[in-house]
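What follows is chain A paired twice: with chain B in the first complex and chain C in the second.
The block that comes next holds the complex of A and B.
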């Protein structure tokens, strides 16, 4: 095995993907500075799932932690991809929004408090439909408030990835970090196939799915800011670096004309290949180089 | 979803609380909290109905060794008896650390 993509230290890596949400959140903080807010023993669970015969989780699949990253105040919100696909319900949405609003209040008072959101999610939790949609709308409002004062960093490590309404939240972030294993997109491959047919998108073709939604492609086309290996120290380094950089001069989501012109320049009468897009849409608008 | 409640005699207060696992497919979370008195109370919520006898067998075996007074909550998403046994033992390990 001499695949250079995986480097010499492959077997010595400490996988980040293999950590659960709580372990991921803890790993990002300066050692010994983090504490969990509304943890499982506070038993703030979804009131809607049991009614529909689904076993709830005591933290509703959303871990909120406060502490320091690179010496600065920070809050980390981690979604647990293994519980209901990391979906956003009333409780998990409210926990996330409240955490960002508290970070905003602190930042306004003169204590810049960065937010790191760990996205392993398919979007709205269907069992809590409208409440989940409302939660994502509120979350986006909170991101827009906070990002003026402190960076909001979205990290999708995989393997669930980030889809649905939560991809919009990622789109508003100051910085987005992904691994090669993670995927980011509005409609997931299976949804597109179901709605528009297998000719439109064959969701069983994993090479195609990752060539379009995968972290490597998202980075090469300038839609995210850093591509990291599935290695805990690398992930932590990237997050610390973006916390240190502070609020970016220009947020990606304000570059409306740039992205409009990109799409406008595409000849949609023919099928484009993911690799061609990389040369057409270079990473020049990305704020960071590949690690 | 089925709810099951089981009680077992205890001899000592469990030292500290513990939380392990995740309510993911084929897995479960276990919350163990110290309780006063001489009883351990187990509350199970499982997404798979009709396995009350299996749960009782797993818990009977577990409490043949464990004597802590505790409130134990199990939120299960279709874990096997083996997984239940491992998660319970893991919770005790964290609690006794």
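The block that comes next holds the complex of A and C.
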């Protein structure tokens, strides 16, 4: 058996990570069906950045597109990791929440509209602090509404990954898709090191960072639903598959008893090798396992 | 600004419920109690420090793995017990330092624990339970997202020891490459960055600011007033929609969140055409 990572596809693949947010969003739709909403020419930008000497961007680093995926209505919201680290400000946050609310309204009217959220983000944009945090809280409320009617799919391809408050959005999702290059966690390694010291977390130890937050580990411990290569056709296939699956029977974030008992069983007197968790927590995800 | 002590959460939990202990099987850092408010029994929840907690990075009032799953369990109990009956109010008393910052936490997926807690509160709200948050001390960052920010109505004390924010000052200064003094100067001009609860109130996210004479040693009158305000907030929550749209429809938001309102109206119009 060949190592999948260095399989034949390695030289033929079309990198998804190298695409920007707009190209990523476009790639997920059925060809010719997507249309960008509130694009850069609408010029709705952050009102808070310029007064702090930070140059705003005319789409606020958030791309919204509506169209069809696998023949079904869908909206894609993609955060641009290259603008302010994909952080959530007032405008980017409201774009995402409003898009999900519109998908919810259509879904309730009988047009199930899936949402795909592309997360390359460190969380709250601190220049907009409380409005960023509030935006995430409201987004979470809207995910809870929509996911009863249509799946909410989170994709983190890398390389920024998904951290801070936006990791809670991923936690609420119907399905989460990652690559090996992506990371998913509440607190980034630098923040932990700053708060609790280098003994707690050495953020320069990249192997450790990926062993904990990386897509491969999150998939092997059943915390996400698919691990894909950095290959556009593979990413697109995974998203189409989950749009087709529809609303899962059980959402992972409602599996409180299961995860609470897993936490109770852990020996907290020491740090764990990330690999230990792979044997304790099976790869079969909590949502798919129940179907 | 007073240092975080973790006293206020316990003080107010006791003031409103008459006791301050965890339920059997729960960590000592999560207080849960059913107690009367108005003419009904509400469920009160609070996260407090436990210096002997199992997780070393969650001993000072942080919301960690155990706290998050315990909150989720205790909130879901209320949803489950009242599926076909009266929807009881849930009151989150908030004095939470932040989320727990630790390697164990990340390894064991605190992002999912955090989502589970927020999911429970949000699902209770959507099921018709009035979910009321009372911020008596600090409500910071991920800690607030897990415990409090999914409420229908948020009340906070109008007091210097109360702080609602995305990140504490020192860390926010580091991340944005500023000194704490520079950050404080900017925060005076830019309301969403401010650490002052009165500036937070301008954003339209709060239902009410409450005046309390002494938040750390409340008088009988203080307690009575807060109880009355909670009863009012519960009734108000029941009279409105179960989603969070009231925050953007508030008077404060009309002034401070004009960009959000513009996004919403433009996106709605373009959505219909697309």
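The rule is simple: the second predicted complex is superposed on the first by the 281 of 291 C-alpha atoms of A that agree within 3 Å, B and C clash if a C-alpha of one lies under 4 Å from a C-alpha of the other, contacts with A are read in each partner's own complex, and residues count from 1 in each chain.
Methods note: a residue touches a chain if its C-beta (ideal position, glycine included) is under 8 Å from a C-beta of that chain, and two chains touch if they have at least 3 such contacts.
Remember, it's a predicted structure, so these values are computed and weren't measured experimentally.
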Exercise for the section: Following the overlay on chain A, give me a clash-or-fit verdict for chain B and chain C. Expected result: fit
Practice task
With the two complexes superposed on chain A, say which partner A:40 touches: chain B (first), chain C (second), both, or neither.
Solution key: first
Exercise for the section: Classify the contacts of A:48 with the two partner chains as first (chain B alone), second (chain C alone), both, or neither. Expected result: second
Practice task
Give one of first, second, both or neither to describe whether A:212 is in contact with chain B, with chain C, with both, or with none.
Solution key: second
Handout entry: Touching partner for A:161 - first (chain B), second (chain C), both, neither
Key = neither
Practice task
Would you check which partner chain A:57 touches, where first means chain B only, second means chain C only, and both and neither mean what they say?
Solution key: first
Practice task
Considering only touches as defined above, state whether A:129 meets chain B (first), chain C (second), both or neither.
Solution key: second
Handout entry: First, second, both or neither for A:82, with chain B first and chain C second
Key = first
Exercise for the section: Tell me which of chain B and chain C touches more residues of chain A. Expected result: C
Exercise for the section: Could you tell me how near the closest CA atoms of chain B and chain C get once both structures are overlaid on the shared chain, in Å? Expected result: 15
Exercise for the section: Would you mind listing the overlap between the chain B footprint and the chain C footprint on chain A? Expected result: none
Handout entry: Footprint of chain B on chain A - complex, ascending
Key = 20-21, 39-41, 50, 53-58, 61, 80, 82-84
Handout entry: Residues of chain B touching chain A in the complex
Key = 1, 17, 19, 22-25, 27, 29, 31, 33, 45-47, 73, 75-77
Problem - For the chain A and chain C complex, residues of the former touching the latter - result: 35, 37-38, 42, 44, 46-48, 51-52, 64, 66-67, 90-91, 93-95, 98-99, 102, 124, 126-138, 140-142, 144-145, 164-165, 167-172, 184-187, 191-192, 194-196, 200-201, 212-213, 218, 221, 223, 251-257, 259-260, 262-264, 266, 268, 271-272, 274, 277
Exercise for the section: Over in the complex, which chain C residues touch chain A? Could you list them? Expected result: 54-57, 65-66, 69-70, 72-73, 76, 99, 101-116, 118-120, 122-123, 125-126, 141-142, 144-146, 149-150, 164-167, 171-172, 174-176, 186, 189-194, 200, 203, 205, 243-244, 247-248, 256-260, 262-264, 266-268, 270-271, 274
